[in-house]
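One structure follows; several queries about it will come next.
Labels for the chains are A, B and C, by order of writing; each one numbers its residues from 1.
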Amino acid sequence: MNFKGSHILSVNQFDREAIEHVFNVAHQMLPYAKRQKRTNVLDGAILGNLFFEPSTRTRVSFGTAFNLLGGEVRETTGLSNSALAKGESLYDTARVLSGYSDIIAMRHPDAGSVAEFAEGSRIPVINGGDGANEHPTQALLDLYTIQKELQAHGNNIDGMHIAMIGDLKHGRTVHSLSKLLCLFKNVRFTLISPNELAMPSSIIDTIQNSGHKFTITEQLEGSLDADICYQTRIQEERFPSQEEANQYRGKFRLNQQIYTKHFQSKTVIMHPLPRDSRAEANELDNDLNLNPNLAIFRQTDNGVLVRMALFALTLGVDTIVSQFDQKVHWHVNS
Amino acid sequence: MNFKGSHILSVNQFDREAIEHVFNVAHQMLPYAKRQKRTNVLDGAILGNLFFEPSTRTRVSFGTAFNLLGGEVRETTGLSNSALAKGESLYDTARVLSGYSDIIAMRHPDAGSVAEFAEGSRIPVINGGDGANEHPTQALLDLYTIQKELQAHGNNIDGMHIAMIGDLKHGRTVHSLSKLLCLFKNVRFTLISPNELAMPSSIIDTIQNSGHKFTITEQLEGSLDADICYQTRIQEERFPSQEEANQYRGKFRLNQQIYTKHFQSKTVIMHPLPRDSRAEANELDNDLNLNPNLAIFRQTDNGVLVRMALFALTLGVDTIVSQFDQKVHWHVNS
Amino acid sequence: MNFKGSHILSVNQFDREAIEHVFNVAHQMLPYAKRQKRTNVLDGAILGNLFFEPSTRTRVSFGTAFNLLGGEVRETTGLSNSALAKGESLYDTARVLSGYSDIIAMRHPDAGSVAEFAEGSRIPVINGGDGANEHPTQALLDLYTIQKELQAHGNNIDGMHIAMIGDLKHGRTVHSLSKLLCLFKNVRFTLISPNELAMPSSIIDTIQNSGHKFTITEQLEGSLDADICYQTRIQEERFPSQEEANQYRGKFRLNQQIYTKHFQSKTVIMHPLPRDSRAEANELDNDLNLNPNLAIFRQTDNGVLVRMALFALTLGVDTIVSQFDQKVHWHVNS
């Protein structure tokens, strides 16, 4: 896969080699994100950070990643005031806005919209989420986190065992992550959800056709030797009614007691965030915050590294970043 | 006209010499916008990009223009949360906000508001549109585009023939553009609109008093030897009802077939954008996208150059920009 | 008080020595804000400017202060689209967002929210206002202004006389400012408000316990030898109804005539802004704009200096700022 000048629209673009390339570059970004040094390789470059659907954390993560490489960010949030609302086509919007920056990160509520936009764009477009369709940088940061966490235990993705829990039907992240995992060897999937919220058969087919083992179950039962427990949230907005969403509340609850009962002491806990921490949510309890295997905040930190890597690769500066190293002059908390 | 430290509020400020000065500077900005090189002449300068009325493309265009000169952008979007909504005067807002940047670009829904704001401002203010009143940078980018397009055909603005089509009553852009064209010699205007949406008599008077020729007609008829066809959109928001707006829909439709019938093969097609591309819009059809004379996206690209020129001129750096040239280290799509 | 790596959450953190330290650093920022020179000491640093409650002037002031030190700004405005609205805890939000910048300035509508957020943050957090609770940078800029204005008359804070007028019950700024003034010596307070809107007894106790003199009165009467007249606005949003707020309208009006009648020719007029300039507001009349003692716009200018100082101190660059001095190449209005 040639990244330079390319759009990043879907996890389907990636083969194993491409993923490992991204992850190698992401790893080289760590000293910059940790503020051991900084770089101005993209000094003067402009990111168009177009969030036609608002999302604070993903938007800021993209912007920060670009700033960490030395670039500037021009931003737009929301759809209601945009020309798109006045009937402008995605093609026109892309033709115009791609004249205002060097690269674009874009989120939009409609499935397929980012790819349609990319056709009109004269510069690389990175998909920051297009409705129920794709969110490739989330899948990549999830997989990067899995690799890092497993490496810390002396393991790697080949041969790993992942338990996915919760709403596996609507969860865009578990679909994309499963596709990426299928590019590796001998992965075991334990898919835990009620029948109504089961993993779609297309994903199951992909898992099966790539020769991986999987178990489908409705309950979290017995003792699982999973390396990763990937918990999802109830996507309330995808259910016909709040009542229907509520009936699944708490069925996939994870707290320290449930973790101890069903998982190993080394099992890493992941979640796409945000987690609902209201008392009635029963999703991923705060008592897990003290558990060193709770990797949810390492996930978001890793998101910055992965996005830096994608910017560096698509703008063709991945091999020269360190030629522009600078010192950090301010105090950094250790 | 002395630009240094001045406000840019209205096309009425400009004489022919001033326009040509702006256009010469704008032309020098092209290598920066095309990323053949970059400049940091405004490194450390701050633009206050105050869009009290949202407008994605104009806002981002101003911000990008400032970034391309090396400066930073602080931004505000919308009116509802601002102090203006709590009864603060434009004078107070200007006194306060002009302490936060080196120059201001401002859009506001009320006619006259930007000029009123400028009276309280301690730094230059560039009008980014004040309701139905003025949008001088749009007029300048339109005229700059006309000059560039005509030069490509070996012609120039003196002696040109422009057809303006559509809602000439409410279209702020055609009013301002007409005023600027009147500063040149022997321009011919063909003004095509239904009587109800005709060009205001004040603009007609200006055209007549400056000795230019014009034709007023209700229909696009026969063969026009126009150099420029400037198509406008129905400003739905200015009509008493949607029904009233709808009765004019399609009356000024331009597609490849109509273009071929009424215009020359060299006639340049312009439009202030956004264009409505919904099936029922019948405004400027997508089949024109393949027509090399469709200049609408060159217009928005030129907008960045013109805004860069105005920033450079008002901040007095127009003659030293290239002293701060830097290399572009990232991949640029050709 | 050790500023490096610390949160700035409340005026209660400050003793007299700390305040004087902040003010000394703020004073050194003046040449940068006046554009006599610039600095890039924070080149590459990122401010997370998180305004979960919108506030144009405070938000832009923080962003500008960071830009003036050479840093970049990532921003968020409003609460409705944030993860907080989906039930994410302030702790989670802080853990995530503190991975995206080097320092955070935050405003939030709920009292105590910024301190709660700070507990989860891995980087310094500066309180930009948490509902009715605290807005420490406003109190510091008010006090800095008082010091500067008094020094211009050959006086200082010790021994000064301040008249506070208006809604002293709901005015967060007068509470915080009073606390800070109590750290100095022999301050005289004249507190003018109707009984229903009187200064809370907790603040009165603080004034009394620190040995300062105060007078409480319902009317602006006679001649006051106040050095400072601090006028407040009716906080309409804190009253049960608009009617209740309206009954106090005009009771604390200040215009040139009232000023001349009750104050000395040297009395400095301050106000936390925005002031309501609508005809019916009767708050702080525009005829005072010509009065050289009207310091309200010097207050907002000083806000930039104080925020620059707090950024420099918490990031530990206060002593090296001038090592990174650069020339200003653009025209600056004198």
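Definition applied: contacts are C-beta pairs under 8 Å (C-beta built on N, C-alpha and C of every residue); 3 or more make two chains touch, one makes a residue touch a chain.
The UniProt protein names, listed by chain, are A, B, C = Aspartate carbamoyltransferase.
In this text the structure is predicted, and so the values were computed from the model without any measurement.
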Rotation, 0 to 180 degrees and nearest 5, that superposes subunit B on copy subunit C via CA atoms: 120
Interface residue identity across copies subunit A, subunit B - same or different by half: different
Rounded Å distance, subunit A centre to subunit B centre (Cα mean): 40
Residues of subunit B whose C-beta touches two or more other chains: 72, 75
Residues of subunit A that touch subunit B when the two form their complex: 4-5, 41-46, 48, 72, 74-76, 81-83, 86-89, 91-93, 95-97, 99-102, 122-124, 314-317, 320, 324
Partner subunit B, residues of subunit C touching it in the complex: 35, 38, 40, 54-57, 59-61, 63-64, 67-68, 70, 72-73, 75, 77-78, 273-278, 281, 286, 289, 297, 300-301, 304, 326, 328-333
